[in-house]
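The data blocks that follow each hold one structure.
There are two complexes below, and they share chain A, which is joined by chain B in the first and by chain C in the second.
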Partner chain A sequence: MKQRGAKGLRLFAVMSLSALAFHLFAEVAWAQEIAGGRTYGDFPIVGGRVAVWVAAQVHLLFAAFVLGVPMFAVVAEGWGMFGGEAKYDRLAKEFTRLLLVAYSATAIWGAILSFLLITIYPNLWIYLAEIFEVSMWIYVALFFFESFTLYLYYYGWDRWNRGRAKLGHLTLGILLNVFGTAVMLIANSWLTYMMSPPADVGPDTAPGMVQAWSAFANATWMPINIHRAIANVVFGGAIVGAYAAYRFLLAKTDEERAHYDWMGYVGNLIAIFALLVLPFAGYYLGREIYEYNQQMGITMMGGFMSWLWIIQAFLIGVLFLTGNYYLWIGMGRIPGAERFAPYTKYMLVVLIVGVIVWATPHTMIANREEIAAMGGNLHPFLGVLGVMSAKNTAVNIMILTTFLSFLLYWRANNEPTVRWARTGTIVQGAMFVIAALIVVFYGVYGYFVSAIVRIGFSVYQVGAVIATIVGVVVINVFMMRGAKSRGAIRWGQMPPRSQYALFILAVTFTWLMGLMGFARSGIRQHWHVWEVVRDTSEWAATPALGYAAVVISACVLIFFVLVAFIFWLGGLAEKPFEAGAGADASSSPGGPELAPAAGD
Partner chain B sequence: MSRTVGLLASFDYVDSAVNAIGELRAAGLKKITAYMPYPDHHIEEALGYDQSPVRVWALVGGLLGAGGGFALTSFTSMDWPLVTGGKPILSIPAYVIISFEMMVLFGVLSAVIGFFINSRLPYIKPMVVYDPEFSAGKFGIYVTVAPDRLDQARSILRGQDPSELREDPAGVGHAPAEVDSGFGGPGDPVGIARASSEFDPESETREDLVGVAQGPSGLDSTSERRTMLFENLKIFGVVIGTLALFTLVANSIPQVQSEVPLALSFGADVSADELMASGEILYNGAGGCLACHGTGTRAPNLLTDHSGTGVIGVRCTNRVGGEDCKAYIYSSMVEPNAYVVEGFDPIMPDMRRSLSNEQIWALVAYLQSLGGEVTVTGADIGASDDGSSTTATAAAAGAPGPASASSDPLEIMTANGCLSCHELDGGGLPMGPSFDGIGARVDADYIRESILDPTAGASEGYEDMSMLMPALFGSQLTAGQLEAVVQFLVSQR
Partner chain C sequence: MGKYLKHPLGQAGVVLFLAYLLFDFGIAYIPPLFGIASAPIPNSVLLQYLITVSVGILIWVSDNEARWAEFKEPMHRVMVDPDLKTARNSLMVLIPILVALMTFSQVRPTVAAPTTLRSIHPAPPGRIDFQGTTLELGSLQNPLRSRGSMEEHYEEGKRVYYENCIACHGDGLDGQGHYAHAFSPVPVSFQDIGTIAQLTESYVFWRVAKGGPGLPNEGAPWNSAMPAWEDFLTQDEIWSVIIFLYEQAGHEPRTFEEEGGEGEVE
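The block that comes next holds the complex of A and B.
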């Protein structure tokens, strides 16, 4: 009880400080102006920009975690509640326990960020506060409600665990997500305004004259909302996977190993599935940036940031390969999966070729000497591979391959008993082949048409892939009804390297978030607010990727050190693991799967 | 594809495992995989292993490295011949060091690669049969046999008193650190399950396949702590390694920084060379021109020929009838949609949004210089400076709104648009109280309050107009500027 009180008091103190920061910043900064007015503050050793950068990035990583995890905590609780499987409820509670400390860390880093911005960028603060003051007050209020909903949700878990009370508890979880999402939407409006202020706002427009709603719902607000919501799920899944891997590696009993093996599987499954959708949200965001300002879009994709996408392709390649690798190793614990083992090497080849094509540079800015050295605007060899036709084809084939990996995993220990099983399998195979042919056809055809027509082809390619994923899943769900099991999944029988794969996934996702944050913020170049408020500080120049990579790595390291501490706390807080409390290593046919391989 | 069955035996002693392998091989059962907690040559010998082929890899790599070193040094000497101290161009003794270093480098690399290839690492295929105890003290023998020889194999293995004997119906077991007899192994065709998945009755000596080695009773608290520490260090190593890899990759690509356009200030007598030099820096850097004009796919490449019309300094004279080169390039930057080149989309922004008048003219001069004559002069800059370049005046100091560093009250009032509504010395409009003689009508406090809060105590006759005055000068002016304006107005008597 004492512990709970202390934790609550600490969080309340942090929240109060944050709220105080929001209310006082204008006065502090204004006082600076009156006092003779420095435009920018400084920070020892690393400088003001890096200080704010690190604070913002680490805050965002924690924020993504505390937004992503509740989403599937609620889904898992609901699954356990309506599906009657208690292990899902335990899983959801374990997720939520991690949230409590992570939430405090989010608030602390939010306060650090606020104070750094107030002291280092006072004029920008004044400007933004004048436009967004109302939304800032609402933000604080929502933050308050979110905190207490989280407390109720976690501490009420065991008390409200039956009948209507359980339903009420689930509602609390949904409410927690609603508050969290609303907080994210508000914060997104501030940062997207800096990227894409309304067109009628110029350098001469006084902040008091900017219409609040047009500033709030600016051009890139909704695309960022969608992109971040999905990315948060991916990130949450990856971090939960890393947590499960950590506990797996340090487990002392078979029951523990089985439980955390299963948890890691669930986290990875969620992360990979959400990841498959993320590129489409990314395309939407990119399109809106181009719609808003061609120059900004070109700076992002073909200007000084063009190499960033090569690094992104490398990271995505690591994600695809590691995610598939984990699935393939995981098939080792599924009786019957060995019949699919020979196919993994072909899938590996397809993925590697896809990554190579995707990571091929194309439209690089070049000066006169470089153009002369290349013999033209495009590289004579890479120019062919690096165009969007080839890249779209590669990424869609990679998505199809990953989905195929998952399908094999799903079907590994199930033997369908429906009469149309063979026909269904043939139809599924045909759907894969047709989708691949459509993707390749439009990829090749894209070389023979103009750019504007070629862009339209990506819709057909994506449509074919999504249709195949949906169609195959639907067929499989019906085909696996009443399926015979080839034996119980041997949860916990995973080699340690599979768990390191989960760590690599989590680190890569986190680094990728840092990189994309740099891209989003960096395309403003030397503007605090794009073409409205110019950055005249000594750090106005947007740094090169190498420098950014060092800062991103530092942010990720700070985040993981803190997360490791949270994991350790998570272990301290729990009771000793009771035999049989985890997933049953030799449970009913199909094992404790989330959905696939459940034999339903 | 033949149907096979696997048998997995676990032994406490290496001798038992060695004997079992020998007997199995003697019986003609040669698809054997051995698992060891540490490398043991007895098992390798029992499996019939010959000498490691890694040494051949090292030899070939070393020879290739040495040969490559000689080839490289010889080629570079011949490609760029420099006579040094009268010695021949191909001077072998000087190449020995490089060749030796290359031999060591390639020999080592080749040995490492050979090690991985011969060890069949990394192991990607799923493990079907494995027991963690094989890494914790026990020895495992996995043999795949045809169903009709199952009893024979089982009998041989039982004869060596295994702690566990298990049947694997699929017959496809593999291990990551596999040592096989050279006849079977991961590359072999995968067998198909034929029987039930029940354990062999013999396996009753063991409760489960996994986890016993690390069970609570297996380790004391000190070794447990050591294990945990080691595991934590490994995890930390994975995280650091991944971060280091990403950082290294990001640092190994071309490093391009987005620069801030430098403020330019030219006098009336500015030279063409000065303009050109500034323009070139802008064009290749902070001006952001290369993002589109450097690739030639989004916009015409200005540095190279376009459709046979020459580089920009040449083709600009013929692009639009009646406009000379200078006028055409300038118009293209401030009214980019007026002259969109055929085949390209109208995506160019009005450069006055991001560049000052001086910067735009510097760019014009640079582009003219690419194949043409520079005709831009200081007079052009002065004549076209109508203040429409927003970056020249506004938002220049990171401060919101029209900030000006000036302390001159008249300049401050002009920059902030005060004379748009107030009259002074025959200028301005009579929408608000005139500034003429204002010092005789009100005091400094009143003026200061009216500037900061226009609705407080509006002047008689201007009550309705006071709503039009924005309440933003408190945040736009510095305290010094505000006071300068107030004192100036007080002095107007």
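The block that comes next holds the complex of A and C.
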């Protein structure tokens, strides 16, 4: 086993160094060769733009994975270390094993992207390289450190597993996250510069005259950093959930099923909880884009790209429905959950109404007869659902409902024993009702005030929802101390369709990233760098939405084919599953195994 | 009958049928009973709503093992029960026919123009040329709001509106002018919360000044018959009619945040 590990280490080291070497030397050589030559290159069959697009998208998807997973791998390791629960440590190690191959894939697609950019968009590459050369060098150095920290983190897992050595190992995990995040921050500066270059940079500004720091910390840099950092956690959770589902469906023993059921639950929990805060980060990004340039903002939200938001609304509706569905099915394996089962249909109705409201288009797709009947593209009655007052209300109510599902799941097999349990439950219920009333009140009131006031209302709505989530969690943590268990969760006793729900979550997240990434990038329209470097290639026109959807779907397909291979490899390198190595939960009746009940 | 309604499959069918009635007829005909304007919803939206409800129904029937088994049981029985051979064979014929009919109705050539996506608010350019002057739309403010009397501007705007705009946009600013029904799409209703209430004054200025001919390519396809009013009105006349529109429709223009003149997003 050790020998195999050492070979693996060498293989990864050689691959990474090769990628780096190509990355470094080839860029310089190619850039010099083409500096005085052609403006644009081409790529067979699909054309230059699609080639770069696919490379960038698939690279980004892998990068999101390798940035998101270490975040909760290290948290899980810490939890296992300080909480004394070995199953978290095993979970963290399994997460990390997936990272190794995914990390190589990220590097390979990064190299492909670099080569394609150099050969197809040489002038743009040289322009960006002149502004960002220092950050590019730092990027490579960080990439180097990140790679070897990852190898140490994974291969040192069993050796440094006690005492101070374990603490050192945890530190390696933290360092891995620090390097990874720094790499993301640098790459984000390059792409956000293309969207929002500093105001004093114009078409006549020589790249050498652009101040490096103002280019780096441009207007949309920090919003993208925050949005991506949270989205990476969501994405990592979803992919881990999909991996667990894959292993669950292939499992041959009850122990395996129990372990991967639990792993899928944890992945889903992380993904859904991080998803709940993602809209706020997205809102901040959208706001900054508007502030930077009104035209760009209107293209994104009201113009050509606005149709993507309808697709996004629909897909996020799928996420909410699927996430809740997984929890509701999961309640079938929790003793005591049956007392909550009658309520799920009401929550489902609320979610369905929420999805309908959220995905109702402001401007409807209609033929001439339908337009004539409506008196325009705005529906005289449903038009009220097309504006943000309705959307904000719908999404906040959906978030509250999803949180309620989680709360029921959490409390399903627990019987609180504290004296104030009834009062606590009433207070929790009141918090939900008050939050819902606040959300609906400001949603309706928003129709009667100016836009600037209405925007402020969304803060009250979000505030009410977040306060409720935090308040209810705090009350529940204290209420569940010393709770009497109604029986152990029967980990592993999940129907296969629950696992397909995890696949749907992963694919939907991936699709969303591609579609909304296109919206963000596409609003630059015919500019490489907004109003500074114009795209004069044959591919300058912003692609039609249908065309973009096909390209993005192809990227999602490529990504999942590769991910399926990685999942397969994950199983290949594993020693036979040891009895009892799964969720200890399955064998300890009466214990509060449901992770959140234990204080998660 | 009651037996079927107690079965999950029967309940699913009833819910889907009721949802269809509500979306296809209820939305069009119930609000007018209460004096609220409405219209039939387009097929694209109907389909979207029905898919959402269908997903909800599938979730409901399958989130519980017993209900899921009960839901599938009749379908399974039709597929394997020797006594149901006639029903099985009938379905084998009926389902492909139904699919064929649906396919035919989708691809059947009609005289109607194809359904199109349309951007109600296409993105404005960064700057425009107005009667020889370059105006930066991003920072453009209505100069009349800081100059002279608002009452006079309102009256001037009213004059401009009734001399130039009323024929299409209507006396009630609701897009129901005398000529309105000759156009497709009809002129916008300024009363609607989805039109000028969502826009800054500089955006409205651009739309009025440049009209249909001045719309950007990314706004296409755009069938606007509005003339470019820069050929007929002065800059102050356009600004005054914008003041009139907002005042009369009871909306406030979208504003820039006070701190540092920053924009906003909703």
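Keep in mind that, in the parts below, the second predicted complex is superposed on the first by the 534 of 600 C-alpha atoms of A that agree within 3 Å, B and C clash if a C-alpha of one lies under 4 Å from a C-alpha of the other, contacts with A are read in each partner's own complex, and residues count from 1 in each chain.
The rule we apply is simple: a residue touches a chain if its C-beta (ideal position, glycine included) is under 8 Å from a C-beta of that chain, and two chains touch if they have at least 3 such contacts.
None of these values were measured; they are calculated from a predicted model.
Counting residues of chain A touched by each partner, chain B versus chain C, the larger count belongs to B. Within the superposed three-chain model, A:Leu321 lies in touch with chain C and out of touch with chain B [touch as defined at top].
Within the superposed three-chain model, A:Pro495 lies in touch with chain B and with chain C [touch as defined at top]. Of the two partner chains placed around the shared chain by superposition, neither chain B nor chain C is touched by A:Met71. When the shared chain is aligned, chain C comes close enough to touch A:Gly286, but chain B does not.
By the touch criterion defined above, A:Ile329 lies against chain B and chain C together after alignment on the C-alpha atoms of chain A.
Of the two partner chains placed by superposition, only chain B is touched by A:Ile311; chain C is not. In the superposed pair of complexes, A:Gly202 makes contact with chain B only, with no contact to chain C. When the two structures are aligned on the shared chain, A:Gln295 is found in touch with chain B and with chain C.
Of the two partner chains, chain B and chain C are each touched by A:Leu545. 293-295, 298-299, 302-304, 307, 314, 325, 328-329, 332, 341, 344-345, 348, 363-368, 371, 377-378, 495, 497, 525, 531, 542, 545 are the residues of chain A that lie in the contact sets of both chain B and chain C, per the superposition on chain A. If you check the complex, the residues on chain A that touch chain B are 30, 33-37, 39-40, 123-124, 126-127, 130, 202-209, 246, 249-254, 257, 293-295, 298-299, 302-305, 307, 310-311, 314-315, 325, 328-332, 335-339, 341-342, 344-345, 348, 363-368, 371, 377-378, 486-487, 490, 492-493, 495, 497, 500, 503-504, 507-508, 511, 522, 525-526, 528, 531-537, 540-550, 552-553, 556-557, 560, 585.
Within the complex formed with chain A, the chain B residues making contact are 124-128, 130, 170, 172, 176, 190, 192-193, 197, 208-211, 214-216, 224, 228, 231, 234-235, 238-240, 242-244, 246-247, 249-251, 253-261, 284, 286, 288, 290-292, 294-298, 301, 303-304, 347-349, 353-354, 390-391, 394-402, 470-472, 475-476, 478-480. Every residue of chain A that touches chain C in the complex is listed here, in rising order: 283, 286-287, 289-291, 293-299, 301-304, 306-307, 314, 317-318, 321, 324-325, 328-329, 332, 341, 344-345, 348-349, 351-352, 355-356, 359-384, 386-388, 447, 450-452, 454-455, 495, 497, 525, 531, 542, 545.
Every residue of chain C that touches chain A in the complex is listed here, in rising order: 27, 31, 36-45, 48-49, 52-53, 55-56, 59-60, 62-65, 68, 112-126, 137-138, 175-176, 184-186, 188-189, 192-195, 197-198, 200, 203, 218-219, 251-255, 257, 262-266.
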